[in-house]
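These notes open a run of structures that come right after.
Here come two complexes built around subunit A, the first alongside subunit B, the second alongside subunit C.
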Partner chain A sequence: MSTVLTIEDVRNLRTGAHFLACTIDPTAIYVYAEMIERAMEDRSLELITVDELAPDDLVVAVGMVTQGLFIADMPPVGDEFLGCIRAIEANLGRSVRAIYSLAAANINGIVPLMVGLQSSLPVIDSDPMGRVFPLISQTTLNVGNVAIGPIALMGVTGERAVVEVENPQRAETLVRALVTELGGWAATAMYPCSAQQLKEHGVHGSISRMIRIGQILDASTPVKRKLLLLTELLGATRIARARVSHIESLSRPADLGLPAQPSSLTLDDETTGRIIRLEIQNEILLVLVDGAITAAVPDMVTLLNSEHGTVVNIDDVQVGDVMDIVKIKAAEQWYTEAGLDLTEPKAFGIPIGHPRRRHA
Partner chain B sequence: MRRSQNETRLDVAGLLAHGSLRGTTPLYLAPASGVIESVVLVSQLEAIRQVRPNTVVVLSTEMGSGGWLVSAALRHAWERRASAVVVAGSAYASAAVGLAERLGITVLVADGDPAALALALAAEIGAALSVVDAELARVARTIAKDTTLGDVLKTISGELDGAGVLLEYDGVVVTSAGMPPRETDEVITVEVDGANSAVRFTLTARVPTSGVHNLRLVGSILEVATPAVKAAWLSEDLLSTARAVPTAAIAALDQDPDASGEEFEEKHRHLLNQLGWREGEPYMSLWFRSAPVQEHRPELTAVLRLLWRKVAVRSPLAEVQGGWLTLVPAGDQDASTQLETRIRTRLGPALAELGLVAGLSRWQEDVPALALIVREARLAAESARSAGPGTVLSFASLGVVAATTFVDVDAVALVAELALPRLMASPDRDVIITSVAAFLDHRGSVSLAAKSLNLHRNTLQARLNRARELGVPLDVPSELLSVHLIAKVLRRSMPEETTSEDPMENQK
Partner chain C sequence: MRVGLRLQGTSCRTVVLDGRSVVSAATEVHAGSLSEALDSSLSGLRREFGSAITELTADVGRVLGERKLADVVAIRISPRPPADAFHATVLPPLVEPAVTRTVHVAGGHDLRGRPLARLDLEGFLADLPGILSTDVRNVAITAVGSTASKDHETRIADATLSNDRDMRISISSDFYSSVFRNRDYTAILNSALMETGEELAAMLEEAGRRQFPDALLSFAKNDGGRAPLSRLALAPVHGLRAEPAMGILGAATLAGIPEGEVILCMESGATVGHTRGGLPAARSLIRQGFGAGLASNAAILEPYTVHHPVRTDIPSVIADLREWQETALPFGLVPTLPAAQDAALVGSAAAPLTAWIDRLETVSGRADLQRVQNLAVEDAHSAAVQLGASPGQTQIIESNVYAMPYGNPGIVRIRVQAAGETSANEEHVLPIAARGATP
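Moving on, here comes the complex of A and B:
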């Protein structure tokens, strides 16, 4: 059922996109949300489910790929994504019927709305991650053997590239190299596939879920109530309420293939005395409680201000802050053997398997 | 042994002070002692899940030393009760100190290559183990010099700083040495493999929990001592068998039940003298036998001999047809009473567990023939069987009542069924039989019998009349013995309601 999104929805989506990727600087999300709100003044934005498309309709994922540069530091001109979609259409000789998010959190959770407004294409309420992952190969479409290519990239200078590639790992390398050359970030369109393929292998309801999260978090209800509602919506569990006792950057050797530097947080649960350690690289990869693995990617872990229930940015964390550490189960596809192969801690250079593997 | 145990026991504090851990810097030292028994060099976190307790876990350099890794390693090591975790020197490791403190596990930072440290530690553990081997060899040599079981156990106990050492058969302590057992003791047991396949003997050491004993070492010492225990036991048993020949001979020679004591002594005087028995010396005789009918257990003789030593060391115990026999010198009545008390207190529980009973002869001033006191003891033992395992019965307390032991109970009951059908069919049968028994027990006195049953005289009289009506010949003197016997036998099969002064009943 298609929905016309309101300005209120966009604001909630912004909060939701931030909640599901709390560790990243949200400036770009806010910049984009503002642009979308302005654009909506004279255009409407349609959110559809994948079922509303014909099975053969061509759909494509849109998203930013960054390599060391914050998008807010060098904002896009505006035509980058349209250029990418045109390049895909030219390459495949078919028209794109709808777009979807490359990831269901952070900036890529909100970018498709802008692209939808610009291109008048409907936005599908699905994505191939159900969260955000740092690598473009870490998708449920990849798990389902949907081809990543051709990939179109366009940088801030207007330069455009189309990469015809099949192997997702190879695509990763090529795209990373191109993004560096294109100026630190690039608008991309990838995983062109049929609506049927997306239906079979994608994660659904991602955009509406972020809106719902925003509704919960932005409401003026007590923190306790917010946590309760989030638990119901996402199956989230609070690992601990703890105070930050130690911050380390460069806490692990950096893997060349991965963007961003590793860091760690140590927190003390003051009521139980437990010591909690968060391993971070772009996002929270691992939570150890007294040295025991309590959450590990692909589980999502996010931090909430214990007083206000607002999302905490890792960059702003200081020793002494008290926060709730919340664990959210990722999409079911990620807990299959193939899913864990792509996204468990080992994929991020931490040589341990996900605890779910042992019970498989 | 204490000195050498300190040498063989490695711990974190000791090795930090003057061992292979000297080159490490402790980030956190757990207050617990941190015994070290092995070392593992791990290159994968999962490997820590398999380490034995009291292991030093050394994280290899290739594993890295990130804070998360040290945290997870500490957790695994703590779960496995490792002695310590050694990590390569790095700035990250310090973040895990808080967790180490929380879990109470020692963390050491290796200044050099952790692998080299693991090798040095392994060598040190190996050296300590070889000291253990040398120590065990010394213990084995020491114990081998002992010839008696008591000495062997005493030596083992001495090697274990006086810890209690027990030899048990089927749960019965056969012999022991060292400190008496306490509830808090750590119990280490090894099996002493018998010559036959049925293993029932165990050698147990009970060492104080708080002590410095390395329990594995205690187990090794017991194992090393096992052959000496077996050898000492076999040699002692052989010796005892030889010493018991004169005793066995009396039972073997006394084959004619009609012969009187004098006739026996007369007939075998020469042989008895040869065997060392002297005429006119007072003895008490003791006969052991199985309470229920049991298959012959050859090792039981050896067990019983060891137990018997708790009562009388000098009197040999002989295995004879139908049980075991021993003759104990007893100069006077007191000596005989003491002997009986000792048997009850020191042997009673063990006899019960082994399913045995004992019969004791009377002490008599006029020194009866050996054959007679042996017969008394045998009869007493036979009577004791009906009272169940563990019973020690003296012929003195039995007297002529012993005769009833040999009555065929089933046959008497059959006689009652056939000869007194109306009594047997009567619903008040049990009350009548109890009354008749009490009446005859009190030599026909209705008053005394009524008192013993807590009844009015008239009530008892009425019941006796009822017995007469049912055909019990209470007024025929020549049949009274038979009636009394029948009443006794029938009462045995009744539920126990009434108290009785019947000595046979008391045996139950």
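Moving on, here comes the complex of A and C:
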């Protein structure tokens, strides 16, 4: 059933997108939320389920791909995504009927709302990640053999490109190189597919889940109650409440194909005496408790301020801070053999298989 | 002996510190004007202490906050201007009215420092007579990617000054933030405060020189440190929120805890901060809700809640700063520091000279990272010495490297803080212990 989103929904989505982004600085999300609120003053925004579309309707993922300059340091001028959708339509000779998020967290969790307002296209409550991953090939659509191309890109300079590519790994290489030269990020439209393909291979309820998370976290309730509600909604578990004892950058060798440098956090659980180690590269990839794997990508791990129940930004973490480490199960598609091949720690250069693979 | 003073309205409040001891409790002088109040305060201190006063540090945050902001021309450099109103940079309501004109100039750099667009200097020079013909004397310049290259900002600044040397210019690369709107807001606010900063610096300089010709004059900063008065005219924004930092430092100084937790109880509620290495723990941005933040290193002071984790492994001080202390403190807190109302003034008197290096570096591996971090440490040390600190009494408080999420491989942010005392202060007020550097 379609829903007309309210400004309150956008504010809750802002918090939910931050929570699921696992500690990345949320400024770009805030900038977009502010733009969307202004645009909603005289326009309405429709959120639909994929079931409301005809099976062969053309739908396309919209999202930012970054490799360098922050979106918040070079905000879009506003015509980029519309240019990308037009380029896809011209390339395929068909009109796009609806758009969906490239990822269900961080900036890409909220971008489609602005694009929906600008284009008057409905936004589908689905995405191909169910969380955020750094690579455009790490999607459930890729697992389902849905073509990634053609991909339209447009940077802040106004320069644009259409990449006609089939192999998602080649697409990754080509797009990443283009994005670097376009200035550090590019607005993109990719995975043009039928509504039926998205229905079969996507992750559903992405936008509404972020809104619900925001409702929980933004409410004036104790942290304990928030954790309980998150457990009910997401199947989240608190791994530990622990104090940061050490922060380390460039803590592991990095594959140059992956954006960002790895870093690590070591924490002490003062109640149990356990030592917790977080391995980070854009997101938190791995949680070790006394050396044992307790969470591993594609599991989502995020940090909450233990006193205020707010999301912790990794940039603000200081030795001595106390935080709750929360684990959330990812979409079920990610725990299949093909899903783990794309997203388990090995895909990020950490020579460890996901524990679920051993039990599969 | 060191003096901490705070200016507000037409009053001046002072405290005198000798080591960690308050030798003259806070006194406040009200007069017909701020300069008269200052002069009267300093004159009284000279009569009482004479040349024993070696340093004076003024907290001017309240004056900066209460004065009307000067008008500013905002120059924004990016490859293309916003295509619609929704994508335009939005300033906080307090500052927005100060911007009388916004000028877009094509240009900007990527994170590698490579130009994204040729700087449209010719177009800017064509607009310049119109900018200079107005009464507005303050200009703020912000370029995309100026954390990686400040070239376009400085070329626009140079072009402006070449045509009018009296313009006050603030460029965003003087303030570290990877967010355009934070730098833009900070440069604009700084520019709007420069005239007041100049005026305060001149007033303090004149009164200080008259009463204490040999003393070092400084202003209190948001990070819990101080800087020479000359910097107040150039970067007043760093003195805008000094009082919370000075409160932390003052309470820690009175309690003698260079490493620990400081709980400040005020009429508005209880807050908590920490000292590390003898200074308040600081972050590089003053956040203001979901809007633009101020790119100034500032002490972290957060609301105290009933869920606050009690730590037994570090010393803690609870200071009751309320004017009226008849009622009990919230959360069952019991003050551990008697008569702490003037903790912020004590902090101003005790504040060391502080300098920050905050920049991006491209590294090829661990050894290279160590090299650029060592270089940043040396630069921070030099910056503190240039402010007047003695090389032998300057130490590194913080040295950190941050990975850049979704950034170019190999580009990291290096952030270093140095703090030092002048040779006149052989005995530190609050011992600065070098904080363990993070590799």
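Brief remarks follow.
One rule holds for everything that comes next: the second predicted complex is superposed on the first by the 360 of 360 C-alpha atoms of A that agree within 3 Å, B and C clash if a C-alpha of one lies under 4 Å from a C-alpha of the other, contacts with A are read in each partner's own complex, and residues count from 1 in each chain.
Rule of thumb we're sticking to: a residue touches a chain if its C-beta (ideal position, glycine included) is under 8 Å from a C-beta of that chain, and two chains touch if they have at least 3 such contacts.
Because the structure is a prediction, the values reported are computed rather than measured.
On the superposed subunit A, the positions of subunit B and subunit C stay apart, so the two partners fit side by side.
Greater residue coverage of subunit A by touch, when subunit B is weighed against subunit C, goes to C. In the superposition on chain A, A:101 makes contact with neither subunit B nor subunit C.
Look at A:248: by the touch rule set out above, it reaches both subunit B and subunit C.
Of the two partner chains placed by superposition, only subunit C is touched by A:308; subunit B is not. Of the two partner chains placed around the shared chain by superposition, subunit C is the only one that A:184 touches, whereas subunit B remains out of contact.
Once the two complexes are laid over each other on the shared chain, residue contacts for A:140 go to neither subunit B nor subunit C. By the touch criterion defined above, A:30 reaches subunit C but does not reach subunit B.
Contacts of A:76 after superposition: subunit C is touched, whereas subunit B is not reached.
Contact with subunit C, but none with subunit B, is seen for A:263 once the two complexes are overlaid on the shared chain. Judged by the touch definition given at the top, the superposed model places A:39 against subunit C, while subunit B stays out of reach.
Between subunit B and subunit C, the shortest distance over C-alpha atoms in the superposed arrangement works out to 8 Å.
Across the superposed pair, subunit B and subunit C both touch subunit A at residues 246, 248. Residues 44-46, 63-64, 66-68, 71-76, 78, 92, 95-96, 98-99, 102-103 of subunit B are the ones touching subunit A in the complex. Listing the residues of subunit C that touch subunit A in their complex gives 78-87, 89-90, 108, 110-112, 116-117, 144-145, 147-148, 178-182, 274, 281, 283, 290-291, 300, 302-303, 305, 307-309, 314, 363, 365-366, 369, 400-412, 438-439. Against subunit C, the residues of subunit A that register as touching in their complex are 14, 24-25, 27, 30-31, 33-35, 38-39, 66-70, 72-79, 114, 134, 156-158, 180, 183-184, 222-223, 246-250, 254, 256, 258-263, 280-282, 306-308, 314-316, 318, 320, 322.
In the complex of the two chains, the subunit A residues touching subunit B come out as 245-246, 248, 251-253, 264, 266, 268, 273-275, 277, 279, 286, 288, 290-293, 350-352.
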